[in-house]
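Just below is one structure, and these are the notes that go with it.
Letters A, B, C, D, E, F, G and H mark the chains in the order given here, with residues in each chain numbered from 1 onward.
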Amino acid sequence: MKQQNNGQNLNNFDDLGFCKLDTDRERRTGHPEVVFGMNKTLPQVELIFAKLVAHHERALVTRLQPEMAAPLLQQYPNAIYNEASKLLSYGKSSIPLPGKVAVLTAGTTDIPIAEEAAGTIEWMGGTVDRIYDVGVAGLDRLLSQKERIQAASVVIVVAGMEGALVSVVGGLVRRPVIAVPTSIGYGANLQGITTMLAMMTSCAAGVSVVNIDNGFGAGYQAAMILQLMEEGA
Amino acid sequence: MKQQNNGQNLNNFDDLGFCKLDTDRERRTGHPEVVFGMNKTLPQVELIFAKLVAHHERALVTRLQPEMAAPLLQQYPNAIYNEASKLLSYGKSSIPLPGKVAVLTAGTTDIPIAEEAAGTIEWMGGTVDRIYDVGVAGLDRLLSQKERIQAASVVIVVAGMEGALVSVVGGLVRRPVIAVPTSIGYGANLQGITTMLAMMTSCAAGVSVVNIDNGFGAGYQAAMILQLMEEGA
Amino acid sequence: MKQQNNGQNLNNFDDLGFCKLDTDRERRTGHPEVVFGMNKTLPQVELIFAKLVAHHERALVTRLQPEMAAPLLQQYPNAIYNEASKLLSYGKSSIPLPGKVAVLTAGTTDIPIAEEAAGTIEWMGGTVDRIYDVGVAGLDRLLSQKERIQAASVVIVVAGMEGALVSVVGGLVRRPVIAVPTSIGYGANLQGITTMLAMMTSCAAGVSVVNIDNGFGAGYQAAMILQLMEEGA
Amino acid sequence: MKQQNNGQNLNNFDDLGFCKLDTDRERRTGHPEVVFGMNKTLPQVELIFAKLVAHHERALVTRLQPEMAAPLLQQYPNAIYNEASKLLSYGKSSIPLPGKVAVLTAGTTDIPIAEEAAGTIEWMGGTVDRIYDVGVAGLDRLLSQKERIQAASVVIVVAGMEGALVSVVGGLVRRPVIAVPTSIGYGANLQGITTMLAMMTSCAAGVSVVNIDNGFGAGYQAAMILQLMEEGA
Amino acid sequence: MKQQNNGQNLNNFDDLGFCKLDTDRERRTGHPEVVFGMNKTLPQVELIFAKLVAHHERALVTRLQPEMAAPLLQQYPNAIYNEASKLLSYGKSSIPLPGKVAVLTAGTTDIPIAEEAAGTIEWMGGTVDRIYDVGVAGLDRLLSQKERIQAASVVIVVAGMEGALVSVVGGLVRRPVIAVPTSIGYGANLQGITTMLAMMTSCAAGVSVVNIDNGFGAGYQAAMILQLMEEGA
Amino acid sequence: MKQQNNGQNLNNFDDLGFCKLDTDRERRTGHPEVVFGMNKTLPQVELIFAKLVAHHERALVTRLQPEMAAPLLQQYPNAIYNEASKLLSYGKSSIPLPGKVAVLTAGTTDIPIAEEAAGTIEWMGGTVDRIYDVGVAGLDRLLSQKERIQAASVVIVVAGMEGALVSVVGGLVRRPVIAVPTSIGYGANLQGITTMLAMMTSCAAGVSVVNIDNGFGAGYQAAMILQLMEEGA
Amino acid sequence: MKQQNNGQNLNNFDDLGFCKLDTDRERRTGHPEVVFGMNKTLPQVELIFAKLVAHHERALVTRLQPEMAAPLLQQYPNAIYNEASKLLSYGKSSIPLPGKVAVLTAGTTDIPIAEEAAGTIEWMGGTVDRIYDVGVAGLDRLLSQKERIQAASVVIVVAGMEGALVSVVGGLVRRPVIAVPTSIGYGANLQGITTMLAMMTSCAAGVSVVNIDNGFGAGYQAAMILQLMEEGA
Amino acid sequence: MKQQNNGQNLNNFDDLGFCKLDTDRERRTGHPEVVFGMNKTLPQVELIFAKLVAHHERALVTRLQPEMAAPLLQQYPNAIYNEASKLLSYGKSSIPLPGKVAVLTAGTTDIPIAEEAAGTIEWMGGTVDRIYDVGVAGLDRLLSQKERIQAASVVIVVAGMEGALVSVVGGLVRRPVIAVPTSIGYGANLQGITTMLAMMTSCAAGVSVVNIDNGFGAGYQAAMILQLMEEGA
């Protein structure tokens, strides 16, 4: 059932019973609603995906398990599924965003979350510079990449354990830094809670933090910043 | 003792014994080091402040108690102290930043933190639109301000208790939203920890979070985004 | 062994060894004891169910896994099992309750818990209006349902993540609001603890909260309120 | 500045700069906005109070310290201040509510919170039956009051420490029970967090919980239930 | 390797490499070392069990999974394995203890832990009176057993969720009460942490608490009290 | 108002309005109700104290601040106030209890809590052997007292920080050990929470734990055990 | 891609894309980078292992599951895999370290973590004295080993539950003690968090702590101390 | 009362009633018992101090408030009190220790804790190199000190907030690193708990951690390592 709210403050949405799809979101925010794939059934994802593709000609599903992705890939040969990031994407924004987002990881095991951020940015029309495994225990690895990092418009730092990389990077750049704590670690790491709290209380100014393992959220905010550059004040 | 590090990767700093003042920071990041006034002694703040003014012709001290501010105001008649935000500022950036940051609060008691954000942005050269007491329990207060909020380049949401305002605002705008949890609340609020965690797990995309009561951090990141607009990709 | 306590303050119960079935509860509270199906063995559930049906001609089991439900459905062809809510019900209250309970969810994945609330209310004789997927990130979805929500006698809000929906709804209605935090979320959500604490510290007056994922508890209290209307002060 | 929002979905409010007073709330919910007195300045409380009295001819301020109450009592000789509950009230609802709310405490030290609940209900037009110091360690104290408790339309249980009273009461009545954890206790009590969590996980059905020490919230919801009885489905 | 420590302060033990078996414990405490079966390998348990039987002619293993118990039952036909409590016992104390321990549970699902307590007491020579499913939500079930409970020398209360039973029982008896929190519950129960903290902060005097699900520890301490009666001051 | 409940299951109590004094408790448990002095007003304590003395000819108040004790000492010249333990006692049990309770502390700063336990036991008719400052970091201090400790009927261990003393003592004796965590410590001690949790998870069997700083509770339970010896099974 | 950083402050590393291998670490710290095997893919471990062997002629992988170890053992017949410690080692340091590290465990189930520490030390050139199952509940087991413990240059204490062993050992020796909390325990143990906090707040001076189950970290630091002895101040 | 324990395993101590002074500790560990000044009374500290000076000719009191220090300084003109570190020392070890301990702080406000570490080391005979305010947000400050840090035998890192400095330093040196979390920070810092957990889960090998603000503990362990160098394996 398609509902139309005519009032000036109201938007449109598509009522699927289990879901009221916010089809007006692209107009409001520049991008269609993104589907969080976890805990949804396959028929739910299929129906939402079909509606999004029909309405916007592009769609993005996050945290989709491979066995859920397979039938969708069969139905949509142009869809792309990334095993590392668990992103299923169809199409992408037709408006290329200016600048570049540097996506850093402290270690190898943080890469899947970094790829979630990178894939989100690219789907939204942005460009990504991937700089992986530059954790601070071997500082030269990081310092050797300083120029690439400083050339970015926005910096995303993906790190687990104590998350120290974000404080070091925060002190090196004149650009906003978005920190993504990951659940990589054990014991005192508390499944990433320690990393998150540590990043929150970072000694570097200009850093903000998203939820544990929320590569999507960091990528989305970074793209919002590029979009602001594109559209102007 | 002034130290000069000539290596290409190294910066300058001023070694005051108890403090190594990062006098190179303005060159790197666009702004002088900001002094965190809490837990410092008056002589420490006085010396750092003097060095900053001498070096950069502007300075900002956060969380400075009135009894610490008084002697500094006597020495620096052009300094300005804001009782609500506890900011002591001297001068401001000579480069005006484009756009505007909307600073929202959910309630009246969140205003001091919002003022810390606003004062930081203004010292860094930005423009602020203050929109206070628009918490979601009376939704019309918020909706009546929708156009002002949507006109901003960046939105800062300052809220205590359950922090619901950030999720609602996050769904209304096409711009980055920075959330500041405040320690306003009691009991299950856990001195703002609940607010912080709730904002972290917000259902709105494009939201990032800074530490509890960290108005400065949110303002700083917002100004970084405006600075990016000013300087370009 | 059937025990009879003759004192005026005492009730009856049926001692099954592993369980003392509170067969007097219907007289005291209006409804038979409800069986919590989790962590019980099949023979335990079968014996309790048989006793309840024999004594009250109706019964309700919550959180019953499908493999436990199957043999009971064979024995009791009139029993009904709902896969989503995991409720097994037999019969229902013969006294229809006045008014209506609006059961809202913020997202699609909150629906099973909402169905547990709804099924409980219906078994107790009440009427439910299901209003699903009206989370605040797309506010118009909620506002389009405002009249339905305001027409209810009691409102149950089922939400995960930051649980912001409850604060918004709490400000819209003149009726009691019961909040059910769900364990939908990840990271800073802390398996629903954050949602629960956030709802507890909601800025809206007149809201109370039940345990995480406790749709049954919310439904039960809502029906108690309708029962009060039915029976009068 | 008085703002008028003419749209059908919008309400009125009074913009005081630091506060947007929700003057439409009485129409929506049956009662004027209640002022949370903690962390507000005296001039803020005075201005809000004056506006509320002018607009609604009644007002309620919670958690107001005696030194804040004194000047208001001078200005408003008809206002009443209760030292135990820290409530300042002016006038009360002109519509008497049916039924009665039983307000129980487990111990003597829980009484101030119980009085906050009781005073709120009375200001909203309801009737309260106070039943204090009936904690379960001396069960006969509770059982001697069973008839009074069962005669109430709604039961509020105010308890600290392990909060066991709520589970016992929950099993005795056919009416909704609202639990208020208090911060009375030490050590493992965790300033009431343990009490709150214990009440949440109570073995009695039909119980919901409000924030620690939130007597106001419990009283407000209880009055909402009585109001539902008054207004009908 | 058998080690003999001749010093007056030292005991004997049997060094098995991975384990130094405290064979002197029976002389010191009245009972052989009890084996905690969880996280040990089968060969480890077999060797320790053989040593204990050889040295003391009785042994007790706690938390032994059925697949670990099976080979031991084959080797020791006189050993007894209880599926509910996961206790494997061989022999028992030759000194019968006076008095009786009442072991109560709040619900059906607490019974396995209660059986661990009961089996431990019986192996140590004591007598147990099992009183199950007397949780406070149906208070008459408990009150109907008051005389049996008051007749015991020691009372063990096994309860999950909010653990309210312990406070009610604590107020009814003139004997020591040992509380065992169980991990039965969900959400705010925090896997029994809430129950444990609530029991700790119980309003009843004379109650002490053991670890979550630690039926063994409660049974052991209860038997120690009976042993004190047996041996005198 | 004196209330008499004639039912066989009911006790007597004295209704003081703010308090329902459980005057029947001595008959049920052997000892009058003990008054928790914290958070009560002086008039409340005075009235309860007067009632207890009148009814039982003995009374005990715990956690009474010196300024509250002074007026009571004036009114009751035979009352005794202990500055360290904050106990105010009047009279004591006329029935001497057999055996002896060893009260140990790990350090000097744990002594006030130990004295609360000791004073409680003595008021209840028991004998105490005080063994202070025997923490495990200097093990010989403890071992030099081994015989005194082993001669006790019950052992109370009062310790802060990591609470290791309880595990060592638990392995040395054949008697029940009651552990009292204290809030002595800092940082990772978490105001005694760590101590409490560590004692809970002690490797020694036969240990139970009371709330942080709850010397009264440990003393009370120890006296209950002596009373059991006195009265027999 | 091999990168050479010629600056005097910079090191070399080997950029494998997913990993920047810190091949300069042996020069800086005396030992090659150690590979954390958990959460890495087999191809990742294989490539890193090959690079390390090629560059340093020795390598160590921690927390490697048996199914990951098998193919590496086939490729490197001289590699050694320890099932208990989950260490895969190839070669060892050619510089024997002086002194000896005593590695103690409180119980049998702590041995795998102790072996991780021991294997790390041996790979780094040190000597280990294993002293297992000397928990404090049977103090004589520990005291019988006092001379061996006091003869060590460094002492590592591996313990779960309340971790009391570390405090007792800390008081017996004149050498640094490194504590390793293990996740052995249940309930109040909180998966080792309690053990860790308890060790942190130990009453013994000279104790430091590493992460839960981090045998590697403790072994590494112990070897660093031996290395200091070897190399001199 | 002086007690002499003649057994070979036992030490001497001096029983002061409230305290059993471990006068044998110097023989066992190389240093007299150190007095923790917090929560002790002045007479207690005076008596212990007198005994220590008489027995060892040196003494150290930690966390002594100035008003407690004043009378001791009058009695012992040779005693030294440091206002920053709150250490009162008398004499020092007559055995100079080899090597040097670098004590680093991240910020200015961490200096008091660093001074506690430094003063402890110096009293024990060691040499300290103080390197303050080298937090990672201005990395050059740290890198400019790299040679001094690498020249130390042991490195102590004192840091608050997210504690990132320890991970960076851990990667730069071939010596043991001891981390001291401080309670400097706010909000998500959780009074230093976050810092402590973050340091625990640091990505650098060879790092161990002491309690929050425990400069003494870190200094003590560092001196133990120097003592090992002095005495040899």
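Operating definition for what follows: contacts are C-beta pairs under 8 Å (C-beta built on N, C-alpha and C of every residue); 3 or more make two chains touch, one makes a residue touch a chain.
All of these numbers come straight from a predicted model, not from anything done at the bench.
Simply put, of A-B and E-G, more C-beta pairs touch at A-B. Farthest chain from subunit C, judged by C-alpha centroids: H. If each chain is reduced to the centroid of its CA atoms, subunit B and subunit G end up 43 Å from each other. Computed centre separation for the pair subunit A/subunit C is 37 angstrom, with centres defined by C-alpha atoms.
Work out the mean CA point of subunit C and of subunit H, and you get 57 Å between them. Shared interface positions of subunit D, defined as residues touching 2 or more other chains, are 9, 137-138, 143, 172, 186-190, 196, 200-201, 205, 211. The touching residues of subunit B, when paired with subunit C in their complex, are 106-107, 135-139, 161-164, 167-168, 170-172, 185-190, 194-205. The residues of subunit H lying in touch with subunit F in their complex are 3, 5, 9-13, 17-20, 22, 24-25, 33, 38-40, 44, 181, 183, 192-193, 196, 211-214. Against subunit H, in their complex, subunit F makes its touches with residues 108-109, 111, 132-134, 137-138, 140-141, 143-144, 184, 186-190. The residues of subunit G lying in touch with subunit H in their complex are 9, 28-30, 34, 98-100, 143, 146, 153-154, 171-178, 196, 200-201, 205-211, 216-218, 220-221, 224-225, 227-229, 231-233.
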